[in-house]
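Scrolling down, you'll hit the structures one after another.
Heads up, the next two complexes both have chain A, just with different partners, chain B and then chain C.
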Partner chain A sequence: MHVGQSLPRVDAYDKVTGRAKYTDDLVDKSALIAKVLHAQIAHGLVIKMDIGEALRVPGVVKIVTCFDVPDILFSTAGHPWSTDISHQDVADRMLLNRRVRLYGDDIAAVVAEDEIAASSALRAIRVEYEEYPHVLNPIEAMAPGAPQLHDAFLNNILKQTSAGRGDFEAAIQEPGLIRIEGEYETPMVQHSHLELPVSYAYIESGRIVIVSSTQIPHIVRRVVGQALGMPWGKVRVIKPYIGGGFGNKQDVLYEPLNAYLCQQVGGRLVKLEISREETFFATRVRHADKIRLVSYVRPNGRIVARSCDVYANQGAYASHGHSVTGKTMTAFRQLYHEEKAHRVTGHTVYTNTPAAGAMRGYGVPQAMFAVESHAEDIAAALNLDSLTFRRMNMMPVGFTDDFSKNVNYYDSLNQCIEKGRACIDYDRKRKLYQNQTGPVRRGVGMSLLWYNTAVWPISLEASSCRMVLNQDGSVQVQLGETEIGQGADTAFAQMTADVLGIPFHDVHMISTQDTDITPYGTGAYASRQTYVGGMSIRQTANMLKEKIISYAHELTRMQIYDLDIQNASIIHRPTGNALLSLGELATEALYSLSHSEHFSAEATYQCKTNAYSLGCAFAEVEVDIPLCKITLLNIVNAHDCGRLVNPQLAAAQVHGGMSMGIGYGLSERMLFDEKTGRLLNDNFLDYKLSTVLDHPRLETRFVENYEPTSAFGTKALGEPPAVPVAPAIRNAVLHATGVAINRAPLNPHELFTAFVSAGLIPTEK
Partner chain B sequence: MIQRKLITCTINGNKIQTMVDVRASLTDMLRNDYRLTSVKKGCEVGECGACNVMIDGECFNSCIYLAVWADSKHIRTVESLLGSAGELHPIQQAFVDEGAVQCGYCTPGFIMTALEIVQSGRQYTRDELKKLLSGHLCRCTGYENIVNAVEKAMKGTAQSIPETISRHRPATR
Partner chain C sequence: MYNMGAYYEATSVAHAISLLQRHSGPTTKIVAGGSDVLIQMREGKLAGYTLVSIQRLDELRGVYMDDDETLRILPVTSFSHITKHPLIKEYINVLGYAVDQIGSPQIRNIGTIGGNICNGVTSADSASTLLAYDAVVEITGPAGVRRLPITDFYIKAGVVALMPDEVLTAILIPKESYENTHGHYIKYAMRNAMDIATLGCSLNVRLSPDKRAVERVRVGYGVAGPVPMRAKNAEEAGNGRPASMDTVNRAAKAALLDVNPRDSWRASKALRLHLAEELCRRAFTMAITRAGGSL
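Let's turn to the complex of A and B:
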């Protein structure tokens, strides 16, 4: 068995030797260089653009402006396409935009012989704007009289939806209920994958070929076709290794513009690489949310009714839009189960800021920060143990969701809590750190995590796979699900080896997706790769195995039902005899004079299930009150992600998620100049990622409850680890200081304000 | 118009002489002229460490090191670490064994700093190691397994690191 073992990554050798090729490593150095001109106002209209001087810069080949591009609106969201118009993503941008909706909007592009010529030309373009007032905050954007970004969306509301359960107004009439309210805010943050968004395009045999650092090659193909108004089959997208994505590259970024520029220079090779600074404002970000929660609770801690209002900052363009807010709402609805009623409303609101899209957790980090901070606040208000409070109200074992049909099969939350509290010595420290005085105090806190694995039934959930048998009995495997650093290729190879009965090293993963060659699959998103990919691998490998066994029957004349493949040999099961090797069979099959056959299998699996992925984080902090500084001393994440395919890689995934959660909780936030709308911290010096020095030992714990709906017992692990960390830290700070801070990140600026108003820092007045 | 300058330097054990654009960074020269694509670009302003290479035994962000400054210097990239039969250097092996690789984009830069650490012959504490590695950003691993790998390489091989540089022959222009 290979599934369940910590086998080394299939791409590890290439990556430690520097041989792994990423997009920019592959482009021919003859490429023309494209650069984008970004608007220097936050809101308005381009009335005139003078490119005369720019065209005279030596080396400039072509300049296109927002006045030149086709009049086609398209959506960039990396969702599976819906043939139902009402479910299609909002198409609200063009290749270059005359109507400027954020500081940095794309308004022109230069193609030149080299980078210096392209940059010089950008500086020489003269732009005249008609400037409008801008709005950066969703609450203000919804107010009457606010600047309007998109004509079709009144009061800038991209979408507003509500959901609920029970009779809320009746439920809150129960005598003796305690009403607890809280408002929680999460920051706009950026994915900060190390590889910049980059692509190159050329025309070959009348078709446009785009090589891109993307998570979703097949979706890029469709969107390029839509944006350029050309048949989708005329577009070919190739995805090599990518240096991280985290959801940013689950959007179609600059591939359509790159393809268009290539067309404009007669199909010559054009490279379009975005700088780090541009990546911050001109790609995608995580929605900054304001979430208002009201709970009606009995003195014993049982929640009777609760409400939630979400205001999500969509930024200038719809991208994934309200889908993300929808998941925020679902997370609120499902982690806790009140006795009588709840209601939830979500608003996704356009503002003149960078467009928000998918980012690791898809709305759930926001929800959990609010819901789990609120849970701690309720427990504190009622003077209850917060674990007891959670256990009294959290999703019960056996719960089945009416909509998704997800079943909470196991007592995963309690099992994860037990692992986490034991690891961090929670109970002892919880008591030890009570009643501290002095400037430096410690605390422990925790947060639960609710997640869904894939996207069924919200949208299509399918995976296609192809396997080809070689003469030596090894196989090539192709899937539309992409390797983006998470280790998908390694997990897929382990699964394939087990179903086919061949060694791990005989499985050759074709890591590069090429939409001309790779079977259709929607790519890497949600936390669905091992879940959905595993289903199509199992189906396809079984088809291939059936063909092989049938041929073995021909060769050996043994009964089909007695034959099996084990350790790369055809085995006669009743006797245990190895009849011939798979390599011998495969060679015979290809060169046989009587029956020659190329063995391959290809299939699509359409998945109509989904699975809860649950867990928690426990954090221990030290707070230096006068310095307004938090040191994270210890942290542990505990997850039930079903069976582990590769325990070492699973732990590594959790480390990465925790790291992102640490930044979300303590330091990361995009800041804007209110006056101009310009992003102030568009670089790694001013945008504070957590560095290696900000990380304590990252402890991981797993509960391996076999997921019944999954081909290999697995479920989500890619996104969940990032989710519970920030609220666990926030709750630890509450424990240490008694101060509830409701705005992430808990950086010194936030702490100062909070400690001053709590009287922990004296002010001279 | 474009100002060029003749420089002589050693790249991964090979002596080269080349005309470089005076505005070019060492990253540009190594990637574009010699196709040493282990040298990655993540920010191009010296913030992320993905372009880290060794110059006369000391690590530098090559994106903010001008190519002309490389004159008379010995430059080393990850491409030089492999044995002649393709065997991994102990540091590379430690990165594989410890699961320190995910997307792989920051990996070559980290490995070069690890080489500098190991070559120092000193034994550092875990906190010291973290400080030495803090010029590198990684968004995938949370650094945990990277620090584990560097620690393992430092402890296991401090005395026995071969100083050989494989004869990687760079492509000419």
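Let's turn to the complex of A and C:
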């Protein structure tokens, strides 16, 4: 068995030695360099553009402006296409936009012989604008008279939906209920993947080839076809190794513009790399949410009714749009189960800020920050033990969701709580840290985590796989599902080895996806790949195995049902004898003069299930009140993500998520100049990603309940680790200081304001 | 790809000065480590500039003791070499500690102390300590060598008293300044590495022989105004007073009369004022403790 073992990554040696090739390593040095001109107003119209001087810059090959591009609106979200029009993503942007909707909108592009010529030309372009007032905040954007971004969306509301259960108005009439209200805010943050968005494009045999750092090659092919108005088969997308995406590259970012620029220079090779600064304002961000929660609770802690209003900042373009808010709402609805009624409304609102898209957790980090801060607030208000309060109200074992048909098969939440509290010595510290008075105080806090796996039934869930047997009995495996640094290829190789009965090192993962060659799969998102990819691997490997065994039957005349493949040999099960090696069989089959066969298998598996992935985080902090600083002393995440395919890689996945959660809770936030709408901190100095010195040792714990709907017992782990960290830290600070801070990140600015108003920092009159 | 107009490698201080004279103009700049200049060039601020490099001038590297026991810090010494240098450790350890707070190990290996102060920025981690130690800068130009107290070197934000054809050739700490002093620097930033100071406070004390009184206290701040500054009111509140928490608190309060931080999106004035007092208190406490006093 390979599944369940901490085998080394299949790409480890190539990555560590620098042999692994990423997009920028592959581009030919002859490439022309493209750069994008970004608007310097937050809202308005480009009236005129003078490119005369820019064209005279030596080395400039071509300049295209927003006046030149095809009049085609397209959507960029990395969702599977829907043939149902009502379910398609909103198409609201062009390759370059005359109508400017954010400071930094794409309005022109230069293609030049080198980077310096391209940059010099950008500086030489003169732009005249008609400027409109701008709006940066969703609440203001919804108000009557606010500047309107898109004509089709009144009051800037991209979408508003409601959901509920029970008779809310009747439920809150129950005598003796305590009403507790809280408003929670989460920041706009950026994925900050190490490798920048980069692509290059060229035309070959009348077709456009795009090599790109993307999570979703097959979706990029479709969107480029749509954006350029060309048949999808005329587009070929290749995805090499990529240096992180975290959801930003689950959007089609600049591949369509890159392809268009390539067309405009007669199909010559054009490279388009987006700088770090541009990545901040011109790619995607996580929706900044304001979430208002009201709970009606009995004095014993049982929630009777509750309501939730979500206001999500969509930014200038729809991208993933309300799908993200929808998941925020679902997380609110499902983590806790009140006795009688709930209602929830979500608003996703356009503003003149960077477009919000998918980012690790897809709306759930926002939901958990609000819901789990609120849970702590309720427990504090009622003077209840917060774990007891949670246990009284959280999703019960055996719960089945009407919509997804997800079943909460196990007592995962309690099992994770037990692991987390033991690891951090929660009970003892919870008591120890009560009633502190000094300037430096400690606290412990926790947060639950609700998540699910893949996107069914909201959207298509399917994965295709191809396996080809070599003469030596080894196999190549291809999937549309992508390795983006998380270790997917290694997990896939372990699964393949187990189903086929061959050693791990005999599985050759073809890491690169090429839409001309690789079977269709939608890519890396929604923590779906080990779950859905696992299904197509199991199906395809079984098909291949069946063909091999059928051939073994021909060679050995033993009964098909008595044959098996184990450790790369054809085994006769009744005797346990190894009849021949898989390599001998494969060689014979390929070169046989009587029956020659190339063994391959290819299949699509469509998945119509989903699975809960639950867990929690516990944090211990030290708060230096006069310095307004938090030191994170200890943190542990505990997850039930089903059976672990590779425990070491699973832990690494959790570490990465925890690190993102630490930044989300303590330091990361994009800031805008109110007057101009310009992003102020578009770099790693001013955007405070947390460093290794801001991290304690990251502890991980797992509960391995075998997921019954999964091909290998697995379920989501890609995104969940990032989710519960920020609220756990926030609740630990509440425990330490008694101050409830409802706005993340809990940076010194936020702490200073909060401590002054709480009287912990004296102010002089 | 850097948009660099031209690059000249000086082989001596005299050569550097003649290169600066020959290529003098508003778009000529000295480069040493490059950790600031190259970033500004990438940002387009110094696009097309001519660079005169003093990076390879070993004559400008190192830390020495002059015959009169003045500590001589040469400007092209990297931060990591400053931190590890035995003379720094023995006589002005707080400076080594302060420059160890800069950026990352890579930046500290390439960035130089001379560049740190010639940049003229208020957040320079070395500057508040150098001010608090009454450092003297030695500048070499076509006419020869001149000396200037570091307080006069800083003119305004981003501007120092260096003529276009002059090179900073040493930073001097007189014996009277470093002798028998103990200091502490607190860099307040939003994270524990790779950051610039929101506020920095460097403080050093000389206690009386019985360790009961503060003979002299000197306080330097970064980011408390447009250029690094001394806090004279805080010093007066401490000089000659008993080495006690009362003195520390008085000095910390008095520092508020000295500092004049900005209200910006990076931090509010209110937060910086609050920190100015708190950092002074903590640095003073630590310095007295290091000097052998008890509070």
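Definition applied: the second predicted complex is superposed on the first by the 765 of 765 C-alpha atoms of A that agree within 3 Å, B and C clash if a C-alpha of one lies under 4 Å from a C-alpha of the other, contacts with A are read in each partner's own complex, and residues count from 1 in each chain.
As a working rule, a residue touches a chain if its C-beta (ideal position, glycine included) is under 8 Å from a C-beta of that chain, and two chains touch if they have at least 3 such contacts.
In this text, all values refer to a predicted model and were calculated from it rather than measured experimentally.
> Using the superposition on chain A described above, determine whether A:Ile116 touches chain B (first), chain C (second), both, or neither.
Once the two structures are laid over each other on A, A:Ile116 reaches both partners.
> Between chain B (first) and chain C (second), which does A:Pro626 come into contact with in this model arrangement: first, second, both, or neither?
Once the two structures are laid over each other on A, A:Pro626 reaches chain C alone.
> Which partner does A:Val692 reach: the first (chain B), the second (chain C), both, or neither?
Both: A:Val692 reaches chain B and chain C.
> After lining up the shared chain so the two structures overlap, which partner does A:Pro748 touch, if you call chain B first and chain C second: first, second, both or neither?
After superposition on chain A, A:Pro748 lies in contact with chain C alone.
> Could you say whether A:Leu196 touches chain B, chain C, both of them, or neither, answering first, second, both or neither?
In the superposition, A:Leu196 contacts chain B only.
> Which holds for A:Tyr13: it touches chain B only (first), chain C only (second), both, or neither?
After superposing on A, A:Tyr13 lies in contact with chain B but is clear of chain C.
> In the superposed arrangement, does A:Phe684 touch chain B (first), chain C (second), both or neither?
In the superposition, A:Phe684 contacts both chain B and chain C.
> Compare chain B and chain C by how many residues of chain A each one touches, and report the one with more.
Result: the larger residue contact count on chain A belongs to B.
> When the two structures are overlaid on chain A, which partner does A:Phe168 contact: first (chain B), second (chain C), both, or neither?
Neither: A:Phe168 stays clear of chain B and chain C.
> Please identify the positions on chain A that touch both chain B and chain C, taking each partner from its own complex.
Correct list for chain A: 116, 684-685, 691-693.
> Of all residues in chain A, which touch chain B in the complex?
That would be residues 6, 8-9, 11-22, 24-25, 29, 58, 116, 191-196, 241-244, 246, 275-276, 484-487, 648-649, 651-652, 655-660, 662, 683-685, 689, 691-693, 695, 697-698 of chain A.
> Looking at the complex, which residues from chain C come into contact with chain A?
Listed in rising order, the residues are 1, 3, 44, 47, 188, 190-196, 198, 265-268, 270-271, 274-275, 278.
> Looking at the complex, which residues from chain B come into contact with chain A?
1, 23, 31-32, 36-45, 47-48, 50, 77-79, 81-82, 88, 92, 95-97, 99, 101-108, 111, 130-131, 133-134, 136-147
> Contact residues on chain A for chain C in the complex?
114-116, 119-120, 123, 626-628, 667, 671, 673, 680, 684-686, 688, 690-694, 747-749, 752, 761
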